[in-house]
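Before anything else, here's the structure in question.
We call the chains A, B, C, D, E, F, G and H, going by the order they appear; numbering starts again at 1 in every chain.
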Amino acid sequence: MNAAQHPPSDPDWATLDYDRADRTGHPEVVFGEGKTPEQLVGALRLLAEAHPDRAVLATRVSASGRAAVRAELDSAVVDDDGRTVVVGPWPEPVGLVAVVSAGTADAPVCAEVTTTLRAFGAGVDVVRDVGVAGIHRVLAARDRLTAPDAVVVVAGMDGALPSVVGGLTSAPVVAVPTSVGYGASFGGVAALLTMLNSCAPGVAVVNIDNGFGAAVHAARIALRARR
Amino acid sequence: MNAAQHPPSDPDWATLDYDRADRTGHPEVVFGEGKTPEQLVGALRLLAEAHPDRAVLATRVSASGRAAVRAELDSAVVDDDGRTVVVGPWPEPVGLVAVVSAGTADAPVCAEVTTTLRAFGAGVDVVRDVGVAGIHRVLAARDRLTAPDAVVVVAGMDGALPSVVGGLTSAPVVAVPTSVGYGASFGGVAALLTMLNSCAPGVAVVNIDNGFGAAVHAARIALRARR
Amino acid sequence: MNAAQHPPSDPDWATLDYDRADRTGHPEVVFGEGKTPEQLVGALRLLAEAHPDRAVLATRVSASGRAAVRAELDSAVVDDDGRTVVVGPWPEPVGLVAVVSAGTADAPVCAEVTTTLRAFGAGVDVVRDVGVAGIHRVLAARDRLTAPDAVVVVAGMDGALPSVVGGLTSAPVVAVPTSVGYGASFGGVAALLTMLNSCAPGVAVVNIDNGFGAAVHAARIALRARR
Amino acid sequence: MNAAQHPPSDPDWATLDYDRADRTGHPEVVFGEGKTPEQLVGALRLLAEAHPDRAVLATRVSASGRAAVRAELDSAVVDDDGRTVVVGPWPEPVGLVAVVSAGTADAPVCAEVTTTLRAFGAGVDVVRDVGVAGIHRVLAARDRLTAPDAVVVVAGMDGALPSVVGGLTSAPVVAVPTSVGYGASFGGVAALLTMLNSCAPGVAVVNIDNGFGAAVHAARIALRARR
Amino acid sequence: MNAAQHPPSDPDWATLDYDRADRTGHPEVVFGEGKTPEQLVGALRLLAEAHPDRAVLATRVSASGRAAVRAELDSAVVDDDGRTVVVGPWPEPVGLVAVVSAGTADAPVCAEVTTTLRAFGAGVDVVRDVGVAGIHRVLAARDRLTAPDAVVVVAGMDGALPSVVGGLTSAPVVAVPTSVGYGASFGGVAALLTMLNSCAPGVAVVNIDNGFGAAVHAARIALRARR
Amino acid sequence: MNAAQHPPSDPDWATLDYDRADRTGHPEVVFGEGKTPEQLVGALRLLAEAHPDRAVLATRVSASGRAAVRAELDSAVVDDDGRTVVVGPWPEPVGLVAVVSAGTADAPVCAEVTTTLRAFGAGVDVVRDVGVAGIHRVLAARDRLTAPDAVVVVAGMDGALPSVVGGLTSAPVVAVPTSVGYGASFGGVAALLTMLNSCAPGVAVVNIDNGFGAAVHAARIALRARR
Amino acid sequence: MNAAQHPPSDPDWATLDYDRADRTGHPEVVFGEGKTPEQLVGALRLLAEAHPDRAVLATRVSASGRAAVRAELDSAVVDDDGRTVVVGPWPEPVGLVAVVSAGTADAPVCAEVTTTLRAFGAGVDVVRDVGVAGIHRVLAARDRLTAPDAVVVVAGMDGALPSVVGGLTSAPVVAVPTSVGYGASFGGVAALLTMLNSCAPGVAVVNIDNGFGAAVHAARIALRARR
Amino acid sequence: MNAAQHPPSDPDWATLDYDRADRTGHPEVVFGEGKTPEQLVGALRLLAEAHPDRAVLATRVSASGRAAVRAELDSAVVDDDGRTVVVGPWPEPVGLVAVVSAGTADAPVCAEVTTTLRAFGAGVDVVRDVGVAGIHRVLAARDRLTAPDAVVVVAGMDGALPSVVGGLTSAPVVAVPTSVGYGASFGGVAALLTMLNSCAPGVAVVNIDNGFGAAVHAARIALRARR
């Protein structure tokens, strides 16, 4: 509770976690799904008021939620691809995280990853569209995989990219399965299982399409590596 | 029924398919699971008698079945790794199939693939232990992936190897998921799903640990390519 | 990179794989799902420019994508049933692939199979609507199952057709499970499992509704068989 | 309770259902799994005493249970293949049920089907080993599929046989998936799903390896058809 | 082919099975899903022409398909609840099948059952809304469960009704799981599993919501019982 | 920590929860799975020392664990059926819980339920072997279902019993699915799903074979009802 | 049937269970899913007429159903959040149930829980938005978890809250998994499994989003505890 | 290949990855499953020879494999709990990783985590047996959760611990689901899903029982944080 002497009163539909920044290093993030536009805007206002010097983030914000934010929160940065909203000052980037993706259809999840990394204060290098079926594209980017503090790999369909990347770098790798695919991809389950069974050691995995979670994990690594 | 004027009488526990060679180009193969050693030896004898000029194959033969074959069928070739038995003359190899495997634990399935290929009359080139976590090993074998009539790729755990191989060759690729792995590999399901969702086009898949089926498919390709 | 001295510049949303034709015998194919109409048209233009003497294919193209192609790419061949687009000259057909389907509801997947086969340069013979519940229809088509270089079998619901076809031909069989069915068909999973467990040897399988993948596999067989 | 004026006292480990014969036409059947040899022998004795003029059946009897029965119940008929025990007089067969099986490995389930049919009073015709990969074998048995009151089809692996049989007969078809197979057969689930999705109308299905249930269903049909 | 000397020509989108009535006792039934209204009307016309003295049935007909039938086939009987269409003369009912349902939400599946039974020539007795949570309602209907040739039980949610009914009748029981429910009902999978594991012997099961299949099975029983 | 002034020192392989009795009303229970006999005996000793006036319970104790307890803890009550161990004085029973079971194979889980109820201080009435396929047996026990403070229903296979019981009582019902069954019972999953989808309101469910958990829940109800 | 001498006649689409109140302590509740607005209003009218002194409840009522109730049943209390309707006099609250929820997105299920509790006659204390990622919020509410007769815990995503609450109270805990989440939450399955495997003893679970069932269970506890 | 001028020759059953240390910072690790004792000892010898100044690790080593190592590799450190073998000099520990576990049954996985961390050069602090059902034990260890560079949390059953830990620390958290549990824990799947759906941001997950993978990920973080 370093930013506000007196926390704002809770609304009647929620109990906000104002001192999460003290405990975990970052304010509570608003999970947009299932929230009305009013609840979304209200939660962002309360958290921004409690943390005036921090970027407050909302993820998985619906189109109507994003419209409400644009209408009511002047300074908010809204990203339609990644469905994110950021309110308040962006931090100076610390450290470096590479964000590697397998195909163009993974772009929305990549956008969530990069916005979250920046909101949490990490530097970002994006390596786009380097699927394993054209392995030379991965190899051409090899230097950008070894330099950063952490690597986030985003892939759908067969989810094979993290295994290849994991064998080319000494950085910790966080894999994000995406729901890109059809049939026996089962909405991302195939890619999730591939990544959990990666034959490259050191690959940790997050939920399907959970670019946010991967970015928080990687940002914590980057911030610790450079503290 | 080109090999025997009068088919042998059926035993009381089975109805053998003596003219499968006429229909599909190869005699019926004995599926060893669930057969007693007596049934196994009996079926091999009847099929060998009906097809004296062909290699008759049995797969998934238990240890007791293999012992019975060794004791009762002098000329049989028994492979303990691949759990196969072959009776009768091996054909001259026609064409070439590359058999690529990801790890040493996949060796039993590879053995079933290579024995089946040879029994069905295809030539074989084995490329061993080239997992994607050491991608340079795959690339070093690239010429051996492009020359053959077909490529069989055997992999467990993340099952990522066929996607990489499929992007490096113009040959048709048959992928065999193996049950190697643990936890969320679910006995090979993870590798199976990876392969079904391969981002490399042209990868076809067979059942988990079904080296036999992949080899039959590939042998048919090789024999047709060289007819 | 045999077709274009200087590859076109990549757009900012993708890294195209211009030399895939050199590696695998065919240019990169555009996977339509998750692409905007602009991205689709852009990718087709860039690939057609890089491969002026080849048919460039896009699959799983949405209605809006197909409308954009019709409006902007004069010479494109658009198929609404199979949701495919082809730009550039069709190749002379080489070899022959039989495409066998179980029911009228499988027609869209069959259309994807046949368009892909033709774009990749294989000849096609379509055997329609021969479900196993009327087994005489399969038997009546028996000659058309044995002549070709490869057989693609498309079936939903119980997915039993490849097992019957596989017992009647010496050609390699590629099975495509479709999502036709309801209840415990689980969107094609039942047919997929049936095919993976086929008691006819040599049946290889692709993802649910993946007519494209089956056709690439079969076309590679046909082209090799006649080279 | 037509057979015994005074039902025997219940043991302390069970509440037997002595009047099931009045309600459903047949005495309670002993489900052997999870019963000790003592409980098995005790239950058979009590039911045989209550129904002296009927065949009392136990299924899924373990090896030790079968040994105990052989030692203590002189007149019992014990079948090691089908793991069944029958005590008391066999009824005169009424009607006819065809039992069709796909492979030799399905024999134990077939044995449970035929013993149950006979214990419940139906006539039986066994058509063995007619898998769909050799479709001519099914066609050769066609007359035996159309004559009976009901057809029970037993098949593992791809479970495709009931769809073919269902298209060749006007009798009601009961399909029994077996756990024969490996990998993606998932202990019979693949065959179960195939049968539930059969494209031949009128195919009803029982649990995996539940030859007993299929036989009870078919016997009820046969007895009704001839009453 | 007892009804038409010369079968009508097939349309270009289907291969109809005109002699199914000879093989299985009833003409081919039109599976409405995935068919355009034109294909639906066309198939009904061709089958009705080939079988002028029989009721021709279509199931799972979409709203637009039903509208097309109403507009173009004057004599058709269209049922919006069960989504069925019948063309041609209804047969005289033979035998009796009880149709028992657990809740009002199961009514559409019940309608498909009863229409199919009548089209296939069986008599019907409907016992409605007798869920096991009010067990006295089942018991009150007990006589109607024991009289018929077969009993079809339709239930969603816990799918427990067939187990209770199966213990009260000597008729063969066919259970239809419905997709009524939410959460861990998994679209009818819970009810399907309950029924497959019924502790009442003789319960056979069809696919989720497959009222048609259960009715064909039951009608075959009824017709055989009274032949 | 009302029973011991100074808690015993923790062993080096565990951190015991000595004040759970203060928080939840009962001492920590030892989960036997994965514990060596030494760890089991050690944990029981430490907890018994900390709670000398309470019954200390261990569940899921292996045969070797039970042997070690018999050898080293004189006063322990060991139940081989339910695989439980109790050390220390049994409490006076308060209130009443009915324990209803569907079949004899469910006896081990019933034993775990009844021992746990008694160790936690509740009175018990056991109603055995009243499966729904003999519904009259359930109805005959109806008074014993309505009197108690709570009803625990134990059932495997179709798991239908709680739905029937839940419609006959105003007491809260806790359902325990057991792993009794085979094939599509999936080790108790079918019964679990049945119970979760029960059409009788007020049925709450615990994990497969978790007699312990159901008993703790029911004992808490009984103790509160009579406080 | 204590409230109405002569039960109203059943409509033709349902068999209502008028004496459920006598058997289970509360009138039949209308399950709204799959009912037309007319059926919904009709069922409420009939049940209210039969039970004039009781609150009659409908759950899972669609928007059109709620509109119909508002238009036709003046005195009904309609809750759009929880999708419930109550007709007739609310009972005096007896006992106390705590309703604890993890996040704001769980509010609709909480509303169903609280309305049901009140309709069934239990007192309610709502503890909102105390997710385990901010564990201090749970601890701050500890007294409110120990006082009541029962605790209902509502949580989606990881479903971890009941394990923490279960370790802090001696009251029986009923856990409700919600479908809040995405990807590998599988519509609430992840939370359901977490709760079934809770390491806190005494946690019983209901179906995903089944606030109604949890409330009935808890209300029965509260009413018994205070009788 | 910094340690050996000339790599040793490959055995005929494997292609070792000698320069993995150059690419990823650590030598190849021997995956013990599916390897014979001879292959295990051989691989350890070859890798130790190639990397004389590094700790070479083998995981999932069977009892016979461990016996072979003890007999043939004098200096090897063998851990029977964690089933690991280490050959060669241990590195000086760099940084700090906390290893937190929920129950005593998770000890084998914890042992694999700690041995791997030490072999890869990270410092370790073990916090044992702090399950969420006794939440005070977690809180008592809070300082040890915030100090380290990374936190590895090991938990089976409900897998709830990482969500609580993730809300108490700013360090990156890696969660390891274990196969501890029964019934609907599905061999660790329940815990895996809980962790993938954690409501605490920044929790990344590895495969069930994959202590090795979590440790490699965490060690990479620790080494980077202190470089």
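Keep in mind that, in the parts below, contacts are C-beta pairs under 8 Å (C-beta built on N, C-alpha and C of every residue); 3 or more make two chains touch, one makes a residue touch a chain.
Just so you know, these numbers come straight off a predicted model, no measurement behind them.
Under the touch criterion given at the top, what is the topological distance in steps from subunit A to subunit E?
Contact-graph shortest path, subunit A to subunit E, evaluates to 2.
Along the shortest chain of touching chains, how many steps lie between subunit C and subunit G?
2
Write down the chain pair in D-E, A-G or C-D that repeats the interface of A-H; the criterion is over half of the contact pairs matching by residue number.
Comparing residue numbers across D-E, A-G or C-D, the repeat of A-H turns out to be D-E.
Comparing the two chain pairs, does G-H have more C-beta contacts than A-G, or is it the other way round?
G-H
Measuring from the mean C-alpha position of subunit D to the mean C-alpha position of subunit F, what distance in angstrom results?
36
Can you give the whole-Å distance between the Cα centres of subunit C and subunit H?
That gives a centre separation of 44 Å.
Could you list which residues of subunit B touch at least two other chains?
In subunit B, residues 20, 103, 131, 133-134, 166-168, 183-185, 189, 192, 196-198, 201, 207, 210 touch at least two other chains, as defined above.
For this entry, which pairs of chains touch?
So, checking each combination of chains, I get A-B, A-C, A-G, A-H, B-C, B-D, B-H, C-D, C-E, D-E, D-F, E-F, E-G, F-G, F-H, G-H as the touching pairs.
Mind listing the subunit G positions that touch subunit H in their complex?
102-103, 131-135, 138-139, 157-160, 163-164, 166-168, 181, 183-186, 189-191, 193-201
Taking the touch rule as given, give the residues of subunit F at its contact with subunit H in the complex, in rising order.
It comes out as residues 13-15, 17, 19-20, 28, 31, 33-35, 39, 60, 177, 179, 187-189, 192, 207-210.
Per the contact definition, I'd like the list of subunit F residues that touch subunit G in the complex.
20, 23-26, 29, 149-150, 166-174, 192, 196-198, 201-207, 210, 212-214, 216-221, 224-225, 227
What residues on subunit D touch subunit B, complex-wise?
103-105, 107, 128-131, 133-134, 137, 180, 182-185
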